[in-house]
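In the two assemblies presented below, chain A is common to both, partnered first by chain B and then by chain C.
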Partner chain A sequence: MKQDKTPYLFLFPSVIFVFIILLSPGIYGLWQSFYESYKAEYKFVGIKNYEALIKDERFFTNIRLSLTYLLVIPPSIALGYLIAILLTSNLKGIRFFKTIVILPFASASIATAYMFRSIVNPVFGPLTIFNDITGLSINPFSDANLAMIVVILHSIWRSVPFYALFLAAAIESIPSQIFEQSKIDGAGAWSRFKNITLPLTLPHMLIATLMVMTWTLGDMEASYSLFFGGPGRGTEVVAIRLAREAFFYGNIGLGSAIAVFLIIPCMIFLVIYLRLLRRIE
Partner chain B sequence: MKKSEVFLYIIMIISTIVIIAPFLWLVKLSLSPDIRSVFRSEIIFDHYIYIFSGVPLIWIKNSLIVAFGGTLIVFLLSLFGGYALERYEFKGKGVGGFYMALTFIPTIAILVPLLGYMVMLKLYNTLYALIIVSAAFNTPFSTWLMKSVIHTMPREIEEAAMLDGCSPFKVLYKFVIPTCASGMAFIFTYIFIMIWNSYAFAFALVPDPDLKILPMGLLGTMEGDPRGGIAWTQGAAMGIIMVLPTIIVFSIAQKWVGRIFKIK
Partner chain C sequence: MSEEKKIDRRKYIKYVGAGAVVAAAAAAIGYGVSELTRPPPPTPTTVVQTVLKTETLPGTTIVRTEERTIVQTAVTTVAKKILKLAHYYDPGVLHLREGLEKWIYPCAREFEAKFPEWEIHYEYYKWDDIDPRMIIDYKAGIPHDVAFLSPQYIGRHIKEGSLLDLTKYIKGWEAKDFDWSAVWKGCYPYMVPNGLHTRTVVYRMDMFEEAGLDPNKPPKDLDEFVEYAKKLTRDTDGDGKIDVWGLAFEVGPDRATVELFFAPLLWHFGGELWDPATKKATFAEEPGVKAAQFIYDLYWKHKVVNPATLGLDYTSAIYDIFLAGKAAMAWGWGNYWLLALQEKGWVEKMIPPSGEAKAIKANFFVTPTNVKAQFTNAWCMGIHSLSKNPDMAWEFIKILLSKENILKNTDAGLPARKSHWNELKLSANPVYAIWEEAASRGRPMPATAYYGELADTIYDVLAKIVMEKKPIKETLKAAQDSWNAKYAG
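Up next, the complex of A and B:
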C-alpha cells in the first residue's frame, strides 16, 4: 500500500526486543551448556554436562515421564473434535457454553492445579469420600503412577478446550455448501465427519497438536504445582528437573544442557508447523 | 428433537459439569473455615479478609505491578508492530510469520540463559526482570492479534487521512485506535491475564521472598502444609483470586474469543 520508512520504524523496537530476550538466549544457552558455573565464574568443561546427563538414570526417568506426559494428546484430540462439533452447532444454551468452555485453558495453571490437587488429596475432599464408599485407598500423594495420571488428567482438562476452540474455528472456515450438499446426498453425521470435517481440518489439528506438544514438554508450572515432582520423583518431568538444577541449585551448565534436550524436539515441531502452514495457505 | 441433537445436548451437559465442578469446589474450599468443614454449609470470608489485610496483599501488589508494566510494553510494541505488518508492504515483511513461529520456544528452556542476562544487567531479583521477560514472551502473539484486529477495520479512512497530510502516528491514535477500541481493550486484558497467570519467570528470576508475586505466594502456601490445616483453605482463596481476572474478562469479551484460535 505505501512505500516508506514507517513500517521499519514501527517494527524496529519490537523486533529488537524480541531478538534480544527470546532469540539470543538460545545461542547463549548453547554456549553455557559447555561450561560449569561457580557463582559468577564459568569454566569450560566441553561435553561433560551432556555426558553427565546421558549417564544419569534420573534423567532417563525424567525423559520417560515427559514422554508419558504426551499421552495427554490422543484423548484431547478426540474430545476436542467432539466439543468442536458441539460449538459449531446452534443448540440452545450454546452461548453460555461458549463462555465457560475457554476457562480451563485460559485460567492460571497454578490455580487449576490447585483444584485438582485438593480434589485428590487423601485427607479431605471428594477422593476420601470415594475411598470411604468403595473401601479402596487410592492416594496419588503416595503412588507415583496415580500422581502421573492426575497430572495427565489435569492437562487433558486444560487441553480439550484449546483443541475444541481451535478446531471449531477451522470447521467454521469450511464452506457450508459442502455440508449441505452432503446432507442432500444423504450422508449421516459420522460419514460427514469422516469424509469432510476430518480431512479438511487435519492440518489445523496437527498444528494444534504441535503446539500442545511444545507446551507439554515445556510445562513446569502445572506439573510442579500439582505434586512438586513427587511422590519421590514420580512426576519429575524434564522441565521440572531443569528448573530444579538451574534455579534451585544454580547448576547453570547442566540446566542449559537439559534445555537443549527440550529445544531440539521443539525446533523439529517448528519445521513441521511451517510446512503445515504453507499447506493451509 | 433429532437423535443427533439429543446426543449433543448430553455432551454439552456433561462437559459443563466437568468444566465448572472444579471451580465450584475451589470456591467452596475458599469459603470453608478449615478442611473439616468443607462438606458443611458453613461459610466464612476470613480467608479473603486475611489475604487483603496480610502479607498476600503484597504478593497481589507485586503481581499487579508486573502484569500492568508488562502489558503496557507489549501493547505499545504490538500496536506499532501489528499496524506496520497489517497496513504496509515492505521488504522483510516475512518477519510476521516468523513471529508466530516463536510460539515454539519452550519458555522454561530460554529462562536458563535469561537468568545470566538478568544477572549481567543487574536486574536479577527485581520485578523489572519479570516485566521485561513477560513482555518479550507475549509480544509475538499480541502483535499477531493486533494485526488481525486492525485487519477488520476499513482502510479507506486512513488513506484519506494520509492524503490530507496526517502523519502515521496521528493516523494511528486519531483513527485506528478509536475504531478498534474494543478489540484493543480485549488484547490489553488478554495479555494482562497471560502475565498475571504465569509464574515460571518469577520462579527462575526472583527468589527474593519480599518480591513474591501471587502465584509464588500460593506455591509457598502449598508447600507449607501438605497434610491439612488452614493452608488448604487459604490457598483456595488465593486460587480464586488467581482465576478471577480470567473469568471476568472472558464473560465480558466472549465475542473476541474466536480470534485467539484462528491461524489465518
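Up next, the complex of A and C:
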C-alpha cells in the first residue's frame, strides 16, 4: 500500500522552522569551534581550539568541578522524594506547604544566588553570628571547598522542589486500587513504598535526574553569581569557563569548543531521557 | 449539582482574585521599574508669542499688543533616526542614577533638540561587561554607535578592530583640555575620557586621634603605613576581638585586585605586569614576589586587614567596610565614591566639584607607593566600528563632553577638563590637591590584548598565595608561565 505523503508536506515548514531555530545555532557553534576570529574575520584553525583545551590543566579542573557540582543529585533525590511523599499525603495544611515548596524553584536563580551570597557574607551576613558563637572563622569567599559546598547547597535548595513536584505527580498517577489491594493483602507502609511506589516512580525519578544533571552541567548564572567562579578559580565549572572565554574574553572559537565538550554529556542524557520517556508512555 | 457549581464559582472567584492581585502587584513593580529606568519625557518648550489684538469699542478701534505664553510639547509622527548609546549607568546605584538623570538624559534631549530627526536609544550593560560586549557584537555584526569604554581594553579593541579611529574628529576639538597623560596615553585615538578616576587612601580622622596618631600627618612610605595600620587595628570594646581594622584591602574576584592593589605595589618595587616589547607577562619577577609578599603580610603577619574580607569584591571589601566604620583606612578609594562620603557628612562640597571642598571626618592621602606607581584611568567614550552614523555619534559625544555638561556626570570622578580645575580653583583646595597629586602619579594598565585573562590570572594566583598560603615565588612563576604559554607574543 502506498503511503500518503501529504502530511509530510504540511510538516515541512515546521521542520524547517525547528531546524533554523534549534539546530542551526548548534551547527554554527560547532563551525565556530574550528575557527579563530579577529577583526571580524574568521580564520580556520582546525582542531587547534580542542587541542588547546586538552592541553589545558585549568580545563580539567573545570571538568572536575562540574562533576563535583553533580553531587547535587543524591541529596536532592532523597529530600525531593521525602517531600513528594508528604505532598501526596492527606496531612493538614499540605496545600499551603505545596505552595511554599515551589518557591525556590520558581524564583530566579540569580536572585536566590545573591540571597545565599548575602547569607554567607563573612562580614555582614548571618554567618558572622555563627562564627562569633562558635569561635570558628568559616569563610566560603576564601575557601574553595567551602565555596563549592555553598554552590551545591544552593543548587540542592533549588532542585529539591523540582524533584518533589515531579515525583508527587508520579506518585499520584499510581492507581489507588493498587495500594488498596496491597493493604488488603496485609502490606505495610514500607512494603508498599518498596514494592509499589518506588518501582513505579523510578522512571520518573530518572527523568528528573537527567534534567537536573543537564541543568547543573549547564548552570553558569547561579554558580557565577555566588562567587564569580572563585575564590581564585575554585568554583569555575565548565559553564563559567565557557562564558569567560566566549563572552568576557571574546575568544569565541575556544568558547565554542568548550560548548561542544559541554553539549556531549548533555546529548547523552537527552537520548537516555527520550528513551525513558518513550518507555513510560 | 448547584453546590458543585457554587464551589466552582467560589474557586473561580478566588483564583481570579488572586490573579488580579498578582497582576496588580506585577504591574505596580513593573511601573516602578519602568519609571526608574525610563528617560524623562521631553521638556515642554515654552514659546512667548507676541500677538496683535484689536478691540473695537463704539467709535474707536484700539489695536494693542499682547504677550502670551504657549507651552508646546513636541509631538512627532515622523520615524526618527536612531543613535544608540551603550552605557553602564545602573539606575539602582545612587551616583549612577544621578548621572543618568542629571547628565545623560539632559544631554540626549539637547542632542535631539539640535538634531530633531534623531533620537537617542539607550543600551544598558554592566560596567565590566560593556567592552567585551562591544567586541563580541562587532564579531557578530551587531552595530552600536556611542559607547562608554574602559581604556584597559584598548589593546583588545585594537586587535579586534571594534572601535573607530577618532583622529579626524579629535583634531578639530578641544583635546588639550582633556590631556591627562595617564588616561590620554591609554585611550588615544580610539576613546576620549569623560572624567578622571584615581584612587587614594581614605582614612577616618577621629580614629587616627583615638589611636594617638596625628590626623594631619599621614604616613609617608609603606613601612610607616604598616605601622599606622597596626596602631589603628583595635579591640574597642575589650572583648578580645578586633572591631576596627587598620586597613581595608582587597584580594577579590574583579579587576580591582590587579589594578588598585597588586599592580601599584609591583610598580612600587620596580616591576612591570607585562612587557610590551616581548608581549610576555612579567609579574612573577622579583618585584612581583615582593608585592605578593607585602599583600600576604598585611593579612597574616601584620594582621592589619580583616581576613574575613578575603575573596569579597571591591565594593564589599573597601566601600562597605569603610563606610560601616569597620576599618580606619581604606586603600584604593576611588573618587567615584566621594558622593557616599558626602552623603554621610564625612566630607563636604566635593560633589559637584568645588574649591570649597572640606574634609570633615574622613580625609585622604596619596597611596604611599613610589611616584608613577598608581593606577589612574577614566571612563571614556568611543564609536563602534560598525556604527553607520559616526558623525552624529561624535556630535553626541561633543554634547556630553561640553564644558557646561560634563560637570554634571556624577561618575566622572575628578573633572576631566583642565580648564575646570583652574576656574573652580580646585588645585588650591587642600583636599583636591591630594587627588590631583594622586592623578598625576597615575599610569594606565598595560595595553595587552589579553588584559581580562591577565587580570583573572593574577587574582587566581593571589588567591592561592594569600588564601591557600601557597609558596609565593613558585606559584607566581607557574601562573606566569601558563599565561605566557597561551597569550605571549
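The criterion applied here is as follows: the second predicted complex is superposed on the first by the 260 of 281 C-alpha atoms of A that agree within 3 Å, B and C clash if a C-alpha of one lies under 4 Å from a C-alpha of the other, contacts with A are read in each partner's own complex, and residues count from 1 in each chain.
Just so it is clear, a residue touches a chain if its C-beta (ideal position, glycine included) is under 8 Å from a C-beta of that chain, and two chains touch if they have at least 3 such contacts.
Given the structure is predicted, the values throughout are model-derived calculations rather than measurements.
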Put the two structures on top of each other at chain A: do chain B and chain C fit, or clash? clash
In the overlay, answer first, second, both or neither for which of chain B and chain C A:124 touches. both
Given the superposition on chain A, which partner contacts more residues in chain A: chain B or chain C? B
Please indicate which partner A:158 is in contact with in the superposed arrangement: first for chain B, second for chain C, both, or neither. neither
Quick check on the superposed pair: does A:234 touch chain B, chain C, both, or neither? Answer first, second, both or neither. second
Looking at A:116, would you say it contacts chain B, chain C, both, or neither? Reply first, second, both or neither. first
With both complexes overlaid on chain A, does A:139 touch chain B (first), chain C (second), both or neither? second
Could you tell me if A:83 is touching chain B, chain C, both of them or neither one (first, second, both, neither)? first
Which partner does A:244 reach: the first (chain B), the second (chain C), both, or neither? second
After superposing the two complexes, find the one stretch in chain C that runs into chain B, choosing from 41-49, 239-247 or 311-319. 311-319
Overlap of the chain B and chain C interfaces on chain A comprises residues 40, 121, 123-124, 141, 228, 246-247, 252
Complex contacts: residues of chain B adjacent to chain A: 4-5, 8-9, 11-12, 15-16, 18-20, 22-23, 25-26, 29, 35-36, 38-39, 77-78, 80-81, 83-85, 87-90, 92-93, 95, 97, 99, 101-117, 119, 132-133, 135-137, 139-140, 143, 155, 159, 162, 168, 193, 196-200, 203-204, 207, 215, 218-219, 222-223, 226-228, 232, 235-236, 239-240, 242-243, 246-247, 250-251, 254, 257-258, 260-264
Of all residues in chain A, those that touch chain C in their complex: 37-40, 52, 57-58, 121-124, 128, 131-132, 137, 139-144, 147, 227-234, 244, 246-250, 252
Which residues of chain A touch chain B in the complex? 1-3, 6-8, 10-11, 13-15, 17-18, 20-23, 25-26, 28-29, 32, 40, 82-83, 85-86, 89, 91, 93-95, 97-104, 106-112, 114-119, 121, 123-126, 129, 141, 157, 161-162, 165-166, 168-169, 172-173, 189, 204, 207, 210-211, 214, 217-218, 220-221, 225, 228, 239, 242-243, 246-247, 252, 255-256, 259-260, 262-263, 266-267, 269-270, 273-274, 277, 280-281
Okay, in this complex, where on chain C does chain A touch? 129, 132-133, 135-136, 138-139, 141, 156, 159-161, 241, 252-254, 306-313, 316, 320-321, 324, 326, 450, 452-453, 456, 459-461, 463-464, 467-468, 482, 486
